[in-house]
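Naming follows writing order (A, B, C and D), and every chain is counted from residue 1.
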Amino acid sequence: MIIVMKENTPALEIERMVKSLEDRGFQIDKSTGSRKVVLGLVGDTSALDERDFMGHEWVDRVMRVQEPYKRASRAFHPEDTIVDVSGVKVGGKKLVVMAGPCSIETPDQIHGIAKEVKKSGAAILRGGAFKPRTSPYSFQGLGEKGLDLLLSAARDNDLPVVTELMSADKIGTFLEKKIDLIQIGARNMQNFDLLKAVGRLNVPVLLKRGMSATIEEWLMSAEYIMSEGNHNVILCERGIRTFEKATRNTLDLSAIAAVKRMSHLPIIVDPSHATGKRWMVESMAMAAIAAGADGIMCEVHNDPENAWCDGAESITPETFDHMMKKLREIAPIVGREL
Amino acid sequence: MIIVMKENTPALEIERMVKSLEDRGFQIDKSTGSRKVVLGLVGDTSALDERDFMGHEWVDRVMRVQEPYKRASRAFHPEDTIVDVSGVKVGGKKLVVMAGPCSIETPDQIHGIAKEVKKSGAAILRGGAFKPRTSPYSFQGLGEKGLDLLLSAARDNDLPVVTELMSADKIGTFLEKKIDLIQIGARNMQNFDLLKAVGRLNVPVLLKRGMSATIEEWLMSAEYIMSEGNHNVILCERGIRTFEKATRNTLDLSAIAAVKRMSHLPIIVDPSHATGKRWMVESMAMAAIAAGADGIMCEVHNDPENAWCDGAESITPETFDHMMKKLREIAPIVGREL
Amino acid sequence: MIIVMKENTPALEIERMVKSLEDRGFQIDKSTGSRKVVLGLVGDTSALDERDFMGHEWVDRVMRVQEPYKRASRAFHPEDTIVDVSGVKVGGKKLVVMAGPCSIETPDQIHGIAKEVKKSGAAILRGGAFKPRTSPYSFQGLGEKGLDLLLSAARDNDLPVVTELMSADKIGTFLEKKIDLIQIGARNMQNFDLLKAVGRLNVPVLLKRGMSATIEEWLMSAEYIMSEGNHNVILCERGIRTFEKATRNTLDLSAIAAVKRMSHLPIIVDPSHATGKRWMVESMAMAAIAAGADGIMCEVHNDPENAWCDGAESITPETFDHMMKKLREIAPIVGREL
Amino acid sequence: MIIVMKENTPALEIERMVKSLEDRGFQIDKSTGSRKVVLGLVGDTSALDERDFMGHEWVDRVMRVQEPYKRASRAFHPEDTIVDVSGVKVGGKKLVVMAGPCSIETPDQIHGIAKEVKKSGAAILRGGAFKPRTSPYSFQGLGEKGLDLLLSAARDNDLPVVTELMSADKIGTFLEKKIDLIQIGARNMQNFDLLKAVGRLNVPVLLKRGMSATIEEWLMSAEYIMSEGNHNVILCERGIRTFEKATRNTLDLSAIAAVKRMSHLPIIVDPSHATGKRWMVESMAMAAIAAGADGIMCEVHNDPENAWCDGAESITPETFDHMMKKLREIAPIVGREL
């Protein structure tokens, strides 16, 4: 961390600052410019916050030199991490597509969709049982019964499942039912207690990016999970909130390249929630793979117009099959397969 | 809700749509334009989501005519709600100022600050015991021990307390210790399980606006709490995330007028977190009161430069006292007192 | 346009509103709901602004049913427009890549780069002579001398040129020197006088998206140009301003699908300005083509580290050549060639 | 400026960097940390851009230590600047209110409004003759005829005028007609040629903040004007673009405190365009004055419901008079008068 002292800071104040930092265990590189003094902190600054110093009367600016995350950082772990989801490897040569309905509705619905997406090449079955809805009056998901339907459909088609966990008090249920991949939704990306709780499990976690989270904050949330011992984290870009109204959110595909450089964790893309528009899903999925994503998560529904939620962004099994063919064509160009 | 059908929608499709809506219990006003047919839904649309219809092949546009919130809406409750926090009325003629340190550190610190802010006119003591921090390596608060220190300082100065609840499993502790006002932080504004949990309590809730939450989403989160039975909700504007970097967040003071028109709930403003800059707190607090806020929540620390968190935005008791004098001058101009 | 009147609007006020709209030449479809009356306007509403009615005492909500743009709209022009830039067709089967330095510096520089990018398959040479710089103290471009250098390099390599016009008083110079494609930069996207001025020319225009422009506003700016008679407009997505700091701007690739649906105009993508990072350019260019863009505009410099501007986002001719190979592989998957 | 070199940068590369910076006239403070080398540049860095160095292979991070603006900076000009608009002082003890219609419509309209706002205490008459409209089909203002009407109404009421200049080719007209204060609109805040053109005049300039401009970029645009010799710049905050939809833009009142600290230029606030809602104008104007603004600019119309533009945000002369009374009450609390 670099601390720039204000012009005309009394020498005594600089000495006090240096002393106080040395007392906290840092070595200090002091550089005296024509107008300003700059202090460089040498040591582990991951527990420091730039803002801790911004309140100091004589501090002008503060700049981090090392990233605030360690376990999630590529600097400390140069090779790509491959997360094993009950046999499906995420982050390796093979692209992984997770597909299924926004919410689990009926046995027929989930079994039918599971069969279709499996046939088209999906590797993991998704489906919401506990649904975060903006309105308390909207359908909130089938809950545990939904989990059972999801698992039954998955087993019949030999697929692992991913589903969202909204609250730590359901962890027992998730473990008991052997959910293969636990999703932390965008709205809970900074629900730190929940992050710590899944950090203590031995189950992989899919961490969606918060609607207004910077990439650095997102990696810090991954760090929360990893700092508790669980290193099996998959990141999922799902669009950020901007002023644009033509799409539900703005899909930030440059996050893929950024994450790949900053971190060793795998990253997939959810074009359904990002765009909110069924007719954009295929082109955005193709773009995501071309940009280097490790996979796709998307919403597939047999009857989108009558889906209990998010029908506007769900594609049919036929469209999904078409999309998979396109992704299969792009894969080798980016050194992948599907 | 108004549904605009696409140009050239077959009459049969329009009939099917009308039938399906009637089956769901709505009466339909059909209006046939030169190019498009418009359907008006009559009935309780609060459980509907515009997006439920956007996926329909023949639907062009959808517009809500009634707000999606009911209990939080001024339309259904024209008079201002006054929330009673252990005797302190929030939302009435008297402005309410909540002050105290970002985090509770030591007995001396919290007792000293409590005494000072009480003397200057604060009505509620704030202090963080469970702290949501971006980094898992930052100080996370003193936890239950912090609550005890806060309560002891508050009792000595005859002040109710407000403190953040981050996780439902601490509700028992909060109830047992008789926390007067439970804060739901910005990062948990859409942690719906936590909202429902505090909605079942008989304790007032301070609901901070999420960093990228629209005012409507914020009111929907209040609706979550109210729909479970707890109508004692105070809203707190604390800045939204924008592209601007000169401040930590962008304080949205127009939210005050908007909330006052849309809802009957009281709204206060937190200029400390909004700006992230100590030297902006007073002017933004004055602006908030001039704009019609019901009160202020702000961070006060006896030694901001050495605060364990958020020192950059904490003001000293002396500055706080000065600010209170200024707020007292503005109050009568907006028909309030302090 | 649909106008929803407030609950309890007196019948007389509704009649006055209907009368006033009929006087302006609209036919009115009136629909009376259980609580609210809805008026549908039939006729050409392109000159109306929703905001014109929002000020009315008895108006609750207003919704546009027809797009405010006409000439730029696909509804009125279903086939794709192909813009001819001195023989290079933009918007057809063949993808078009525009490449060159951020700013023209020396004869050697621009001739060298022109030769290299031509060899790799670029179809149009870009280069800035008049540079919009945030600081008045930064290099502002070589001006007319720069145009001459650009044209000389282009002619030697049989390439048309694209370069930015910042002010209407340089139009004479641009015409005289026969600039093939006139670029309107992001900062001037709503410089309406400049848009009208290029709208009166017989030269194609490349219209960059403003940093905080919605897609609708962008199309309205195209409409400004087209309404003056010049229909040869190419759109260029170059990133929008968001809270994210890992990239210079956030590239909005979903704009491609949105524009293709809303308009018939061709759209290309500038991954250099969008990301501000050299190492992201190739992956974002690939993603753009996979998403359906009609081409790419990117910055190429022989010595990026010593470029006079935007070196951080400029790629070398070698990297450009590698990128072109990748784009050539993706092209057939989206039914294009390069 | 501080340049942090990457870990493991070869000593030779650091020497080359130091040499190249010294060749450009800077003195270099080199600080060697345990892992990274930090270079501090001593000298005038205002012509440098952080991005110029970010492209360098061995550069990790760059941080500005001095602001990029000079003439607009308070560091170089500690006292407040007071701009004289034909006798009306902006930036002094007396608050200045500029009021009038969005667009000039008829002689009666502008004369009537001028008389009313003068009576209530407005010091400058505003009115649009050249209107920047999103749609080419919307009313574009009366042009020169509008200027004449504005000036006639102003003279009759002994008021200076402020009106928007959209294009440099109208400067002759503005000078000839002796427009007292030239407004540069939000959409032209980075129309650098226009900024330079008004920078060469001897007429004060009102510079509105761009919709997505950071405060630093805004001050850089003021710097453009000042660098040409015209130091009479008044800044006007008018809301920034965010995700929030309840208001037209988000009024950023913390910009007042920020500008006052960073610059010596006066700053006023336009609550009309910021909120887009008539019923918010008074409370936001009061908040702006409480926050330390030097004045207000607002839209007043005798018949807002039939205004030719922006009726939704225009207040009546009666409401304006009420607002002025409120501002007069707040003024002394912030050490001002009205």
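Methods note: contacts are C-beta pairs under 8 Å (C-beta built on N, C-alpha and C of every residue); 3 or more make two chains touch, one makes a residue touch a chain.
What you are looking at is a predicted structure, and each value in this text was computed from that prediction instead of being measured.
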{"item": "Each chain counted as touching subunit A and subunit D at once", "value": "B, C"}
{"item": "Greatest separation from subunit C - chain, by CA centre", "value": "B"}
{"item": "Approximate Å spacing (C-alpha centroids) for the pair subunit B, subunit C", "value": "39"}
{"item": "Rounded Å distance, subunit A centre to subunit B centre (Cα mean)", "value": "26"}
{"item": "Interchain centroid distance [CA atoms averaged], subunit A/subunit C, Å", "value": "31"}
{"item": "Where subunit B touches two or more other chains, by residue", "value": "212, 241-243"}
{"item": "List of subunit A residues in touch with subunit B within their complex", "value": "46-47, 49, 51-57, 68-69, 132-138, 166-169, 187-188, 190-194, 196, 211-212, 217, 220, 223-224, 227-228, 241, 248, 276, 278, 304-305, 307, 309-314"}
{"item": "Residue numbers on subunit C that touch subunit A, as the complex places them", "value": "212, 214-216, 240, 242-247, 250-258, 261-262, 274-275, 277, 279-280, 283-284, 286-292, 326, 329-330, 333-334"}
{"item": "Contact set on subunit C toward subunit B in their complex", "value": "2, 4, 27, 29-36, 38, 40, 42, 60-61, 63, 65, 241-243"}
